[in-house]
């Protein structure tokens, strides 16, 4: 299995609902560093999993609605805790859509899976990985 | 598959038995940075794999018997080389117990697997991953 | 010149006033990783610049009022942009107070200077350094 | 599953053929940081996946033909784009050969798989993983 | 003293003249991660050393002539070894010019000094620091 | 001011004497990552502060007596706490000697100062800097 992974970052504010979140129920924020990996069984004729420039662009497009925003105010997250896990899934869904739309510059069915890792600090991160 | 991963560290002394270890047969030490990931098929109603505060606490509890210790003197490691691989397994076993005891704050059977990565230096690390 | 440096982190929300801040005028947030260094001309009889446990505690005490907070709502920052630079200065002031109060476990006048580095992302950081 | 992973680096020059590579069609270069992981179901009698000294040596031997070279001039890469993905595969093949030749100091069939991660910058990396 | 520091990266090819460079006399390459810090005695009315957006832009402008290039072919480096030290100086000179031209968005004489750190690998870096 | 910095690492065991060290009075250990910087006002005719190969060799020679050792047993540290600060000074002294002996491949008086940073964990480090 081959993979290529690109990275970007966003700065967001949000709060959580639920006693389990303790202090994080208050409005606070995070610098999120996101790594998105695209997996494939074989390289294409150029010797790549996907065009890394397009992969960076797809990740940036997935993140733009979040950057410098208070996630509590975004319609898409109404009634949802924007945990690191949930944000990994959100980014995955955007990237899976982009892949299926051919935006990665490769035959969609040749991208087998996507893994999105979201680091919220040097001590904690979450990820979501699934077939496209 | 979702995952949440927390990190902590310990400073330990130890020595190894076996010619394969060369210089490391002498008493020496290491700063070990440990990352413990909990994997689940789905998020709970709070939008998390597990309570990250409890995950940090479980990891700390697993590491406390090792921190600032000479591992050669610990009963639990009698006759065993405390290699980075073996320590990853040791931490896994503690965290699997904590998970099965419900200490992660989630139905134990919903945590599918645990992966423990132990870095001994910027150039070397080991891990152990298995179903709970 | 000797120095000892400890590190900790906070997750905060805030917004900026001023066109120069562009998108960052909206409420957003950051994971701030803070490194505080204490400088001295000579080591004490124990061979240290300062008690590293006390240094960690002083840094944690300086950061606690910020962690999981919306800085826009804190009285101490009324009318002030809580830029990374300004936060470095804020932490410096707390640590200089702690040093002068003898909380570092060393004769205050033997700590010559303090440097506080605040990283807001892998691509940007700020610092403040001054004599105590 | 257990794994042990070692790391090393090379500095190389190369260029790519194909419009998809944009600016990178010109001769340029990279510092590549390579991490090679060896996976096994069980530890050997010494408590290790493989002799870490031998693992470092095998990785260094795999990388030596690349270090401080213009990859465009190497016979082995004639007609091939030396993408990060392709280099991960190249290193995998060398390490799989070394494993099968017993150079890791462990019964070859007990090493189940090898994963090679090649980072070309803090923002991009690729990997190849397969059974030995 | 306050400082704000931004970071960016380039991928370059080059070779060195002189026996002291050993293997590096051959054409090879590097991923260079550059950190540029601007130092000031005081913050401006917005609470910043300099507009971080402009600082990022100035650094990017300084680096653009180098990225994806073979430095051996650039007129500006004729007869000069493009060592990490020399490149730190090159970037410093561009940033000092930008600062004096007011491009940082702050009164030029209020920026006291600039420090440019160039990392060529996890194990080696160089820097140049001087008054503007 | 120019500088070039190289990095290496050692794994050591030791213990401390003095109540201030708390748990660290017990025998424990650390992975120490050491960064040694050599500072000069000007580059030599090759465009470097010092031969980076010789700098790596000098650092390795300074560290070899420590690697895989219990520092409590070394004659050179009799009656001394081998704190991170003290080890930074120890390495500085070795490198200053090497510099004065011409081992850096540069006129000794042209190396103005040396800075040695010793990281004991991601959360704590110490350094020593002085003129040669």
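As written, the chain order gives the labels A, B, C, D, E and F, with residue 1 at the start of each chain.
The rule we apply is simple: contacts are C-beta pairs under 8 Å (C-beta built on N, C-alpha and C of every residue); 3 or more make two chains touch, one makes a residue touch a chain.
Predicted model, so just to flag it, every value in this text is computed and none were measured.
Student: Give me the chains shared as neighbours by chain A and chain E.
Tutor: Where chain A and chain E share a partner, that partner set is C, D.
Student: Relative to chain C, which chain has the most distant C-alpha mean position?
Tutor: For chain C, the chain whose C-alpha mean is farthest off is D.
Student: Since chain B and chain F are copies that touch, just let me know if over half of their interface numbering is common to both, same, or not, different.
Tutor: Answer same: the two copies use largely identical residue numbers here.
Student: Write down the chain pair in B-F, B-D or A-D that repeats the interface of A-C; the criterion is over half of the contact pairs matching by residue number.
Tutor: Selected from B-F, B-D or A-D as the counterpart of A-C: B-F.
Student: Express in whole angstrom the distance between the two chain centres, defined as the mean CA positions of chain E and chain F.
Tutor: Once rounded, the distance between the two centres reads 27 Å.
Student: Just give me the whole-number Å value for how far the CA centre of chain B lies from that of chain E.
Tutor: Here the centre of chain E sits 41 Å away from the centre of chain B.
Student: Mind pulling the chain B residues that touch 2 or more other chains?
Tutor: Where chain B meets two or more other chains at a single residue, that happens at 122-123.
Student: Strictly by the criterion at the top, what is the full list of touching chain pairs?
Tutor: Touching chain pairs, listed by label, come out as A-B, A-C, A-D, B-D, B-F, C-E, C-F, D-E, E-F.
Student: Name, in rising order, each residue of chain B that touches chain F in their complex.
Tutor: 9, 11-14, 23-24, 26-33, 67-70, 120-123
Student: State the interface residues of chain D toward chain B in the complex, per the touch definition above.
Tutor: My answer: residues 1-8, 43, 46-49, 51-53, 56, 105.
Student: Which of the residues in chain C end up touching chain E in this complex?
Tutor: Per the stated touch rule, the residues are 16, 18, 20-22, 80-86, 88-89, 122-130.
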